[in-house]
Every structure is written in C-alpha cells, then in structure tokens.
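Here subunit A shows up in two complexes: once beside subunit B, once beside subunit C.
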Partner chain A sequence: MLSGLNVKIEKGSYTAILGHNGCGKSTLAKLLCGILLPTEGNVSVAGMDTANEENAFEIRKRCGMVFQNPDNQLVASVVEEDIAFAPENLGLARDEIRRRVDEALATVDMSDYARHATHKLSGGQKQRIAIAGVLAMGPDCIIFDEATAMLDPTGRKEIVAAMKRLNKEMGMTVVTITHYMNEAVEADRIIVMNQGEIIADGTPEEIFSQVEVLHSVSLDVPQVTELMFLLEQDGFPLPRGILHAMDAADELEKFIGEQKNERA
Partner chain B sequence: MNALEFKNVSVVYGEGTPFKKAALDNISVCFPEKQITGLIGHTGSGKSTLASLANGLLKPTSGEVLLFGENIWAQKREMKKIRSRVGLVFQYPEYQLFDETVEADISFGPKNIGLSDEEIKKRVRLAAEFCGLSQKELKRSPFELSGGQKRRAAIAGVLAMRPEVLVLDEPAAGLDPKGREEILGGLTEYKNTYGATLIIISHSMEDVARYSDNIVVMKEGEVYMQGAPEEIFMQAEKLFDAALDLPQITKLFIELKKRSLCQSTDVYTVGYAKKEIEKIIKNA
Partner chain C sequence: MLKDVTFGQYFPGNSLLHRTDPRIKIILLIEYLVLVLVAESLPAVALSLCFTAFLIAVSGVRFGILIKSVKPLIFVLAFTAVINLFFTKGESEPLLEWKFITVYSEGVRTAVTMLIRLLSMVLGSGILISFTTSPLELTDAIERLLKPLKAIKVPVHEFAMMMSIALRFIPTLIEETNKIISAQKARCADFESGNIIKRLKALVPILIPLFVSAIRRAEELADAMECRCYRGGEGRTKLKVMKTRPTDFVFLASVTLFTVAIFFVNMIEFSEVIAFCADIF
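Up next, the complex of A and B:
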C-alpha cells in the first residue's frame, strides 16, 4: 500500500492528507497511531517506536483517532458515559474523570447533551461526541480519517470548526484525511498521496496552484481555484492558488478595475 | 408527465406513543419524467423517508403516492411489480453485496423476476458498462474490489432491473472526485438511454448543481423549495435557513454582485462561470 514513505508531522501542526480512494491515506493514518505496523521501516510517535509493544499503551493515549462512521464509534447509551469510557479504563480517580468529561464536552460544544441518549443525536453531534471521547484521553494528537464523509454540510462545518479550535486554541496536533477540498484548505499543510507515495507537500496555496498535478491524480480543486486557473490558462494574468470565494472576488475586482483604467 | 407524484403525504413514526414524530408533514411534490431531480435537505429533513415511500417500502400514514398517475397502494398485490419499476439504492449500497462474483451479484435481481438467461446476460453486461465495470471485474469477487468499484457493482445490480424510476440515496458519498464523476455520469447516461427518471439525494451542492434538472429542498419534514437549479441557488438566504450551503462558485458571484461587478448570481458551474467572467472582462 505504501512504499518508501518518509514524512514528519510537527507537534502542534494542522495537516490535511488528500488522495483518491485506495491511495494509501487510511493506511498512513493507521500507521501514525500504531494500529498498523509497517512491513519495512519504522514509525515513531513522540520519539517512541510503534513496533515496540511496550510503547503501545502510551502511544494510543497520546494519539487518538476519529473514524468515518458516527455509528461505529460510540460505546455507551448515554453521552457522558461514552466519554467517560476511556478515562475509566485509564483507571483515573472519579473527580478527574468528571473533570475530563465536562471539559471534553465543553470543547466540542456539547455540554447541554451530557445526559442525552447517544443514538438520538445527529451525525454531526455523534462525531463531536467521538471527538470528546478521544479528548478525554488527554491526547497530544488527533487523526481524523474522513470524519466528515457521512455528514451533511452543517455537520461538516461543526467538525471542521472543532478541528480548528483544537489546533489553534489548544495547540493540539491535527491530521485530517478528507476528500473535501474545502476542508483541506483550512489546514496549514497539505500532503497529497498517490499509489502509496507522497507526490506533493506544502501549504494549501502551494498545493492548489498545481491544478494539473491534482487533476492528474484524479483530485479536484475548489471551484473558485478551478475558475481562476481556467481564466489564467486563457491568458488572463490572474494569480494561482486562490482558495476562497472572497479572495477570488478581490482579485477579479482588481483585475477588472485595471482593465477599465487601461481602456479609459 | 410526472413519473412520481406525492399528494398530501404524511408519515408519522411512533403514532400513539410519547415519541410521535411526523417525518413528513403533508407534502405534495412532483418528479417529472425523464429528468434528474436533486433532493437536498439537512439530516433528518425527511429525504430518506421520501425515498422509502417511492417504491412502497413505507406506507404513508395519509396521502397518496402516484407512479405515472396511479396510486401504488391501490392494489397491494401489485407491489412486486411496482418495486421492479421503481429502483431504490440505499446509502452505502456496497454493504449489500453478497454473491461470489460481481456478475452473479448483478444477476440476482433479474433472475428473481424470471428473465431468460440470455436476457440476464445482456442486462448484466449493459449495467456493468453504465457503471464503468470491465469484463475482468465481473469475474472477481465483489469483496476484492476497491470502495469505488464496489459501489459501482452495487448500483449496477439495480440498473440491471432496468427501473423506470430510480431513487438513489447519496450514490457518490465518500468517493473521490473521479469516482463521483464516473457514477453520476454513468447514471445520467442510463437515464438518457432508457428515458428513466432519477431522484438523487445528495449533500454535495456542487454535484446537485451539476447533474440535476430540478431541485427539491426539504426542511423539517416539509418541501421547502423546488425549482430549476438557477432558481434555487439564487435564494441564498433561504438555503442557509434550511441549514444548507451554496456551491462555492455561486458564493463568488453573490460577492461580485455586491461589488456591482455583475448582475446575475444564477451561476453554479465552473464552465458557465468562466464564460460570465470573460464577458464581464470584455465589457469592462
């Protein structure tokens, strides 16, 4: 699945991993937290080798994962019990568990739902509970494996907002695997994978300037990025790597203004 | 003519219990024949309930579901026929694959309606073609395929039934852009070849904008908006109210209009946007 891959994820960074189905994204994610072990080479989390079984417990505590299907990740029928599951297993004191659960719920903005039944929550709410469950472990790093794929636009926004908060306000390392280009744009760094190899690695602006490269591995770019790229190809001197509608509007306004002045 | 019509349909779950909830509340909506209708709405807005009503998996608590003008519940014994005329593809249909080879899996439906071996073979081949599956893939076990191929195999199984109306619940969810295009493109081709009617449930505004002739927006169990894509995406505020989004390109044009750089905001595909911008630049 992966061959000769070298990658470092900095502490406190926010990284998105892009690639088409079957390119090795999920394999990489599973390697990062020691669910899978590499056939060759090694993976270390905070300096600990994942292949060393003695490290497994510590690595899983530091590196949590949120998966795609919201229905597969909740273990209890009441929200706060679900979140308490991990800290209970860590053998923490009652007060500490209470504190962690409340804090985790507050972080994902679900405090009002502490006593609610998990099966009656919306998809986005369930995913936020799954995140809170990971947070209660007190990790340094959270990996999201297509955690928004099954959500509606509102649910998706909730999760992306939570990711940003975890990274920007709490300094947590966030790695997100996604097919949604609009989500990848929010990260500080994007890694593009194809057939088990990294083919591009850089800031969103750098990555989305390479429209041809992305198309060649059957990936899309955000609609405005595509539009600006096509206009540039037709000979209009517009910048590449535009990601947001607002920025595109700014650039187009500037360009149209210049055209007017030239003709006047 | 309308392929499918819902007349004053309500569906109430848990009637007579404290958990009573109207999933659909007196809705009336039409799905015109030979067109693709995009069905959008927030989670819990009633989209999937509507899908289950289309082929009689669910009986409305009140109101009528009409297939080409005939009430599908008029003769209960006819339900089997109705189900072969209206195909339903659930979310993540690849979980329903079961047979030893992809070919056998796709043949399952046609076999059950008693078609000849020759006809079954023909249908399997055509269905596989629409879904972009090769002869080689037909001989493989469905469980050896990639996620995108599995999805296509599952959809081919429904196309092989040659339904007149096809309702698909998020057929492209979780696939990469190329996979999405292959599936939605293949479905459009099927529609054009057989004059079928498609109802596609989706959360992707970009996909809906690109492939639908009409859009129906659901909100809290009611039909909130319906019309051509350009009519729907012009009403940004209303869409935000329904917890939905706009295609990114439409957002750009709304912003350009605010800055008095263009008049129209009914732009929702990149190709059309490019033409519009080029016009604006030319006239500057």
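Up next, the complex of A and C:
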C-alpha cells in the first residue's frame, strides 16, 4: 500500500494528512499507533519500535486514535462507563479512574451527559465521547482517522474546535486525517498523499500555493484559495497560498487601492 | 416493527429493586424460578402469585410495561393452556364430554397452574433482572458471581464482555435494521404479503446487509478496543464497585424463607384447607 514513506511527526505539532479515498492515509494512521505492522521498514513511536510486541501496550497508551464511525468505537451503553474503559484497562485505582473520567468529560464539554445512554447522543456528541475516551487514557498524541467524515457541519465544527484546543491548550500532538480542506487549514503542517506516496509536505500556505499539484491528484483547495488562484490565472498579480477570507479581502483591498493610485 | 420489544430493556428508576445489589438479584431470580416451578398445590400457587404481586409492587415498573412484555407471548400461553386442558387425563368423572373432547377437572387445574407459572416466570425475570438492572450492572454481576469458575479455565471475563457489547449494540442494530427495511422498501421490496415462505424469503435482503454490517462493525470495534489498551480481563480495574447493603441480605433471607415455606405449603392440599376451615366453624 505505502512506499517510500519517510515522515517524522514532532511532539506537540498539529499535522493534517490529506488525500482522497484509497490513497493510504488510513493505513498510515494504523501504522502510527501499531494496529498494523509494516511489512518493510519500521515505525517508531517515542523511540519504541511498533514491530516489537513488548512495546505494543506502551505505544497504545501514548498514542490514542479516534475512528470514523462514532457508533463502532463506543464500548459501553452509558457515557461515563465508556470513558472509563481505557483507564480500567490500564488497571488504575478507582479514584484515579473517576478523576480521569470527570476531567476528560470536562475537556470535551460533556460533563452534563455523564449518565446518559450513548446511543441517544448525536453524532458530534458521540464523537466527543470517543475523544474523551481516548483522553482518559492519558496519551501524548491523538490520531483522528477521518473523525469528522460522518458528521453534520455542526458536529464537524465541534470536533475541529476540540482538536485545536487539545493541541494549543494542552500541548497534545494531533494528527488528523481528512479530506475536508477547511480542517486541514487549521493545522500547522499538511502532508498530501497520493497512491501510497507523499507528494507534498509543508505549512498550509506552502501546500495551498501549489494549487496545480493538488488538482492533479483531484483534491480541492479551500474556496478562498481557489478564488485567488483563478484571479491570478486571469492575470491579476495576487499572491498565492491565501487561506482565510479576511486575508483575501485584505489582499484585494490592497490591490484595488494600488490600481486607483496608478490611475490617479 | 421492532418498537414493541421490551425484552432486555432497562427502565431507570429508584425503587427498592433498582437499588438492590445485582448479584443478589440474580440469586433472587434463581430462587424465584425454583419457587414458581415447585408450587403445585393450589395454596402454594396462590402464595407464589402473592409473591409475584409483591415484586411488581416493589419494582415500581409501570403496569403498561408489564402488559407489553407479556403481549408477544399470548399465543404460547394460550396454546399451552389449551393443550393442558384437553390432554390431561383424570380419574374422576369428566367435566365435559363432546365428541372427541373430554375435559377433566385435573385438566382445568393443570391448565390454570401452567398459565400462572409461565406468566410469573416471564414477569418475574423481567422485573427482577431486565427492567430494573442496567445491562452493565448485570454483566458485571454475572462476571463476579461466576468468578470462581475461572479456576477451571472458564473464560468468565470474555463472556461478560461479549454480553455487555451485545447489549450495547442492540439499539444500534435495531436502528440499522429499520434503515435497511426502509431502503429495501424504497426499492419496492414487499414484506407484508404472500404466504409464510414468501415472507420469510423477503427477510433475506434485510438479514444479509445486517450481518455484513455487523461483522464490519465488530472489526472496527475490535481495533478501537485495542487502541484503548484492551488486553483481556487481566489486570483490569473497575470504575464501579458493587456494594451489598444490609437490606439486600434481609431481602434475600426473606425470599429464601418464602421459598422454603412454599415447599411445605405444597404438601397441603386445597381440600384439606377447606376441611380445616370447616372444622373450625
């Protein structure tokens, strides 16, 4: 599936992996937390080789994963019992489990739902519970494997906000696998994959400056970036790699101002 | 289509039975089943009925729910009663003789006791276990009660885990089944007409997608569980610890006494009770 991959994800970074279906991004995620083992080469997490069976538990403890389908990762019928699953597996004392459950629930802003039935929650809420379930394990890194793909726009916003908070406020390493450009924009670094290979790697500005490259692997760019790109193609001297609507507005304002000055 | 299933449903509440230790409740259920099956003479059956009424009273489960839980079994109950009524041979004069049908007084009695027994069993197990115990509490209790079996290599933890996951996925799979039914209906599948074989055949396009998706779900869930450091029951702790309160033991003791009492009451025949009463007056 994957070939010629050489990636290093820094501690405390926020990385997005982009690519369309079947390009190997989920495989990469599963390799990262040791569910899949590489047939060639090696993957190491915090200096531990995933191929070594003895490290498996320690790696999983440090590297949590949130999956795509919220229904298929909730183990228990009641919210707090589900979140307690990971700390229970770690064999922690009851008080410590209680503390971690409450803390994780507060982090995802779901404290009021502790005693609710999991199947009655909305998609976004279920996914937040899944995040809390991973947080309760106390990982250094969380991988989101298309965690927003099955959610409605509101749910998606909630999850992206949670990811940002985990990274910026709690200093957690976040890796998000997605095909929503607007999510990738939030990251500090973007890795673009196609057919099992990395074709681009850099900051969002760098990546989205290469509109042709993204289009060649049938990926979109954010709407604003696309607009600026089309204007540039039509001969307007505008910069590339604009990601936010306000930046675009500023650039256009500047450009129009210059035009006026020239005429005057 | 699947809305009326009350089996395995939990109705949250705060009644005496809700607060009873689930382990005690399982033992109570066993005692209760023994009690119902043992009660044979009329006084004993009457006594066991009183006990069922007592359970209903302390469970705080609404009457409508009880009726709903018995509803799907009406056919089975009626069938058993009728068979017992017509096919029990008695020694006394038949009560009714018409063509090939003969009804003896023993037949009436067996039919009635059978009906009461079955009803009590359905209601009792519902009240004691499923309606008043959350699924997780229940599986936890089973795991703890069966713990001694670990010594002879029975996979108690795995069994309990499987059960709690199965219970967790019941609502999810019901929802999914309804979706599949709608999808197949949208493609003109017909589930309601034709004879029984035709209708059973119509279920195939529902069951196959359901199984496929259930297996896919299972695979994903296994990955998710591994990711959350699951490695079997070894070294696992629990968020909730079960506590048996003194009232639970009082409850248990009184039910045990009651069961023993039933054994003795069983020996008294109804006719003897009448004779006894006649003696007094």
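What we mean here is this: the second predicted complex is superposed on the first by the 264 of 264 C-alpha atoms of A that agree within 3 Å, B and C clash if a C-alpha of one lies under 4 Å from a C-alpha of the other, contacts with A are read in each partner's own complex, and residues count from 1 in each chain.
One rule holds for everything that comes next: a contact is a pair of C-beta atoms (placed from the backbone, for glycine too) under 8 Å apart; a residue touches a chain by one contact, two chains touch by 3 or more.
No experiment lies behind these values; they were computed from the predicted model shown.
When both complexes are superposed on subunit A, subunit B and subunit C end up sitting side by side without clashing. Contact with subunit B, but none with subunit C, is seen for A:Ile256 once the two complexes are overlaid on the shared chain.
Legend: residue contacts after superposition of the two complexes on their common chain; A:Phe57 is shown touching subunit C, with no touch to subunit B. Using the contact criterion defined above for the overlaid structures, shared-chain residue A:Val134 touches subunit C, although it does not reach subunit B.
Centres of mass aside, this uses C-alpha centres: at subunit A, the angle toward subunit B and subunit C in the superposed model is 70 degrees, to the nearest 10. Note on the superposed arrangement: subunit B and subunit C approach each other to a least C-alpha distance of 5 Å.
Judged by the document's definition of touching, no subunit A residue lies at the interface with subunit B and also at the interface with subunit C. Subunit A contributes residues 30, 33, 35, 57, 60-61, 64-65, 67, 69, 71-78, 80-81, 84-94, 97-98, 101, 117-119, 133-134, 137 to its touches with subunit C in the complex. Within the complex, the subunit A residues that touch subunit B are 19-22, 68, 122-124, 146, 149-155, 179, 182, 218-220, 222-224, 226-227, 230-231, 234, 236, 245-246, 248-249, 252-253, 255-256, 259-260, 263.
Residues of subunit B touching subunit A in their complex: 42-44, 146-148, 173-179, 203, 205-206, 243-245, 247-249, 251-252, 255-256, 259, 261, 270, 273-274, 277-278, 280-281, 284. Here subunit C touches subunit A in the complex through residues 134-136, 164-165, 167-168, 171-172, 175, 217, 220-221, 223-231, 235-241, going by the rule given at the top.
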